[in-house]
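Structure record follows, encoded as structure tokens.
Order of writing sets the chain letters: A, B, C, D and E. Residues in each chain are counted from 1.
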Amino acid sequence: MIVGSVFDFGTFISELQRTYPFFIEAGLVTIQLTIASVLIGTVIGILFALLKLSPLKIFRIIAGTYITIIRGTPLIVQIFALFYGFSQIIMLSAFWSAALALAVHNSAYIAEIFRGATQSIDKGQTEAGRSLGMSGIMTMRRIVMPQAMRRAVPPLGNQFIIGLKDSSLAAFVAVDELFRTAQGIAAGTLNTMETFIIVGIYYLLLVMIFTVIVNAVEQRMAKSEK
Amino acid sequence: MKEMIRVEKLNKSFGDLHVLKDIDLTVNESDVLCLVGASGSGKSTLLRCLNFLEIRDNGKIIFDGEEIDPKTHNLNQVRQKVGMVFQHFNLFPHKTVLENVIEAPLMVKKTNKVTAVKEGKELLEKVGLADKFDVYPSKLSGGQKQRVAIARALAMKPDIMLFDEPTSALDPELVGEVLETMKDLAKEGMTMIIVTHEMGFAKEVADYTVYMHDGKIVERGLSKDLFNNPKEERTKEFLSKVL
Amino acid sequence: GDGNDQAQGENSSDGQADLTLDGETFVYALSGEYRPFSYVDENGELTGFDVDIGMAIAEELGYEGEPYRISFSGIIPGLQDERYDAIIGSMGITEERQETVDFSDPYYISGAQVYVRPDSDIASIDDITEDTNVAVALATTYEDMIADYTTDVSTYDSDVVALQSLDQGRHDAVVTDRLIGLINIEEQGLNLEMAGDLIDVDQMGIAVKKGNEDLLEAINEALAAIKEDGTYLEISEKYFDEDISQE
Amino acid sequence: MIVGSVFDFGTFISELQRTYPFFIEAGLVTIQLTIASVLIGTVIGILFALLKLSPLKIFRIIAGTYITIIRGTPLIVQIFALFYGFSQIIMLSAFWSAALALAVHNSAYIAEIFRGATQSIDKGQTEAGRSLGMSGIMTMRRIVMPQAMRRAVPPLGNQFIIGLKDSSLAAFVAVDELFRTAQGIAAGTLNTMETFIIVGIYYLLLVMIFTVIVNAVEQRMAKSEK
Amino acid sequence: MKEMIRVEKLNKSFGDLHVLKDIDLTVNESDVLCLVGASGSGKSTLLRCLNFLEIRDNGKIIFDGEEIDPKTHNLNQVRQKVGMVFQHFNLFPHKTVLENVIEAPLMVKKTNKVTAVKEGKELLEKVGLADKFDVYPSKLSGGQKQRVAIARALAMKPDIMLFDEPTSALDPELVGEVLETMKDLAKEGMTMIIVTHEMGFAKEVADYTVYMHDGKIVERGLSKDLFNNPKEERTKEFLSKVL
């Protein structure tokens, strides 16, 4: 008799019913983790985008190196390295360690989103600002940035969805989010396939919900864009 | 007749490309000067050097009697006195027409909001856009956009206005309204330097016209003289093509 | 001697069914992240008590021994999938697991132990309350055990990390295997100590796929044989300076 | 005193020297895994791209569903579900299970790359082919596809780099590639930070090497493009 | 005078937009017919219906005496007999000029390669591109591209050639060479339907000209009659604008 890892539809249904309270709880952790990491990642990302756009070469080199390193190494390596690294600097819970690691990861991609959005704003906008006597920083803050922010919204929404999926790797540093919960259930019941398919469904649901939200935000912005 | 701006032996290169060659030019208060010449002759670059959007390599730019050195002068203050109107308007798309006009007075001059709004509305009325205060630029025609851009530049109360082909991005039927606005400005005594391909306008409105070729000023004179009796061979050739 | 000959006889050409999946090697799973039971040494070699026991048993069975490193949380599903013949991965024998795998006789005995920092108020398991944050390794028996005391449980892929995190102040206590705790505290110079006695006695068994009685029987025989001929004691003392087959 | 997870530069250097033979071996596994998964992913991806472009609605729905599911769930879930799922159909080694899971993951993205590339080919090309009497399939095969393939090269190169980083998750299903080797070393020596930083360097190196290769291929194609 | 193509009560809509309305049209062998009319009047759509790039809603298309029903006929075979030349050339950029020309003969007609190459070269020589066999389309001027496109269509030995504004994407100085090629074709007796804005060419080369307006054929006649003595008011109006 083969037990456990053959996919069995009956088991799938009964497990779906039995496990949903655990997954709902874990789903909330996943959502919190995603929101925290994308928000913090946005703050760090904007910082590095500004460095990358800075007239000072040394700043550009620093930002470029940071972005290259983060985008050139796997997320799981970053999570493990930072999880053990952060604890040296500041005592954080597993949740916040993972959130920060994910935030760092997101920040490199978000930095590129903002840099791209900023550079996509027509040079004439800067020239118009400067020709009115506005300083470089004022032009950036009042003229270029507000336009760049709007342009960054669609790719940021996409990054949010990516961040949601990436948060599954926090499972490996003891954050009880969706995937870790699935691992625990799978190891306990041996309904491996069923459990991973169930957790996949939860992720898919979350991705779809957030896709709808992201699209709604985009459409609203597109409307308010005069 | 007060001298407003004087340029002496101005040179500017982009890399190996020597774009402006020993330019000498004087513009007095209330003068209207048109810059004409073939594409690539350096007209835009000269204009942009005058408000330091490009920094000259060497030569002098003397503004209101004072030589401006980009190293020691606060260029932001200089630029407040030099209004600029661009070919592609460069309105701020995230701000309404009125917000476009009051942005710099509020932010740069720290004018109080009530005054800025009042003056902004007056300017917009002057350029014939009294009904467009709260509209966003994307809702305007090209001619309307350019008139907003003119009002925006005027809001800083500049001593001189620079226009870089202000009508060449416009549909032919919209050119007139912008030229009309500029004519009004000229009549009010605004000092203006205008790069344009509208020879008719130059002839009619400009006191002086300068013909540039290949980074040099080939000929300068009263507009009626330059258009009717060009002295230089090159100028003749150019005029024969464009008139 | 005796068992060895018999096993070799069985898997040679006399037509009897092979005990192992491929008939040549005895593949046994372990996490490789459970020092000193299984870990990668400085030469990149997988080593440890479980590894050596597995090798000794393979030899008794007359097969080539081959350890298979897989995350502990996926170790039973992998057995189910017949990716290896057995689990020799310091797995405690529990009723829950017995529903999904069959266990051999215990091959060593340890137990759950509470570890805390020296300044802790926790003197034994009874001091653990709802407010106590306890760290354990994922999919271990400790996870369930501690659930009766607190729901504020942090789980790690390995005990080592749990202990480190405790030392760093992330948690209030760690529940782990007593042997593991002691060895890690010493090797890493962690400033931690035991709180109270063994919570329970853990019997570690070798797991085989449910219903694989032939292999189970052979493993039990092999286990008895290596205990008898001193191989077991040699391995045990190599890692622990004592015989860990008894409580 | 905290031992183990503090970053120590001396340890870092000595570990770098000591561990390189293990990492070189593991790096080869990572490269094999990446190449295998991207190649297989390309085959599956082209198949689904063709389904998505098919005139038959049912094919488009199948392909759309596949792509949505794969892109809407985390890679780690796919790896776990397939690791325990494939074994029901055919027992594959850990390497090939992981390679197939990664291939499936890549395939959804590659399908979108090919679909996008194909749809970016001017409709006039199809009309020209059809107007010469070529059948729809012949036009696709002789006219549209060859052009789409060229256009797909740059995003495919990018996907290769992503696949390289993603292959690190095979560590969790017993493939001895770079990250798993790092995990083993970290657990064995407790030089956690140092080890994960070292493995990060190896990934970064591989990413850079492949980026150079990908760019070279692109430039060569751009040149041969007449 | 053999009838080549006949259209009866042809109708075509895109969604709610009724683009072709009860079109009747006959073209005899060796006729050259020009289709003229304002933008959006349905000229391209009519042409595209004739080689089934668009499928008519109702009405008949009778080709060489046989009514073509898209449901029962193999349209690929029909299209082989109807050459088409597009405004934007639509050459295959990944194939050389010669490969463009021999692609369909090789693939569709299964002509053997030696013959296809021989005939392809002859055609390219005929359109004046003997020196461009191995060049890729991106290296050609617009006029050369369009001549390759004509050769490519001729390579299938069509009974009729359709041209949809073959010169309107060309720089003015390149229009002549393409019209010349088309004129040669006409002289050789090729049946042609040409959508064009080149009224001079239509007048000179076309036997008949059809004026379309708003999806209907307003007037059809010998070119010299239609251009010199248009009968309909609408045609007069149109001609007065474009001539």
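Structure notes:
By our rule, contacts are C-beta pairs under 8 Å (C-beta built on N, C-alpha and C of every residue); 3 or more make two chains touch, one makes a residue touch a chain.
Everything quoted here is computed from the prediction, not taken from an experiment.
When the partners of chain A are compared with those of chain C, the chains appearing in both lists are D.
Any chain touching chain C that also touches chain E appears here: D. With centres defined by CA atoms alone, the chain at the far end from chain A is E. Among the remaining chains, the Cα-based centre furthest from that of chain B is the centre of C.
With centres defined as mean CA coordinates, chain D is found 55 Å away from chain B. A straight line joining the Cα centres of chain A and chain B is 47 Å long.
Centre-to-centre separation between chain B and chain E, using Cα means, comes to 51 Å. Multi-chain contact residues of chain A (touching two or more other chains): 5, 87, 172, 183, 186, 192. Residue positions of chain C with contacts to 2 or more other chains are 74, 77, 81, 168.
Contact between chains, as defined at the top, is found for A-B, A-C, A-D, C-D, D-E.
Of all the residues in chain C, the ones that touch chain D in their complex are 32-35, 39-42, 44, 46, 68-71, 74, 77-78, 81-83, 158, 160, 164, 167-168, 187-191. Interface residues of chain A, counted against chain B in their complex, comprise 122, 124-125, 127-135, 138, 142-143, 146-147, 150, 225-226. For chain D in complex with chain C, the residues that touch the partner chain are 1-5, 18-19, 21-22, 80, 83-84, 87, 91, 94, 172-174, 176, 180-181, 183-185, 187-190. Chain E makes touch with chain D in their complex at residues 51, 53, 76-77, 79-80, 82-84, 86, 88, 90-94, 96, 103-104, 107-109, 135-136, 138-139, 149, 152-153, 156.
Those residues of chain A that touch chain D in the complex are listed here as 5-7, 68-69, 72-78, 80-81, 84-85, 87-88, 165-166, 168-169, 171-172, 179, 182-183, 186, 192-193, 196-197, 199-200, 203-204, 207-208.
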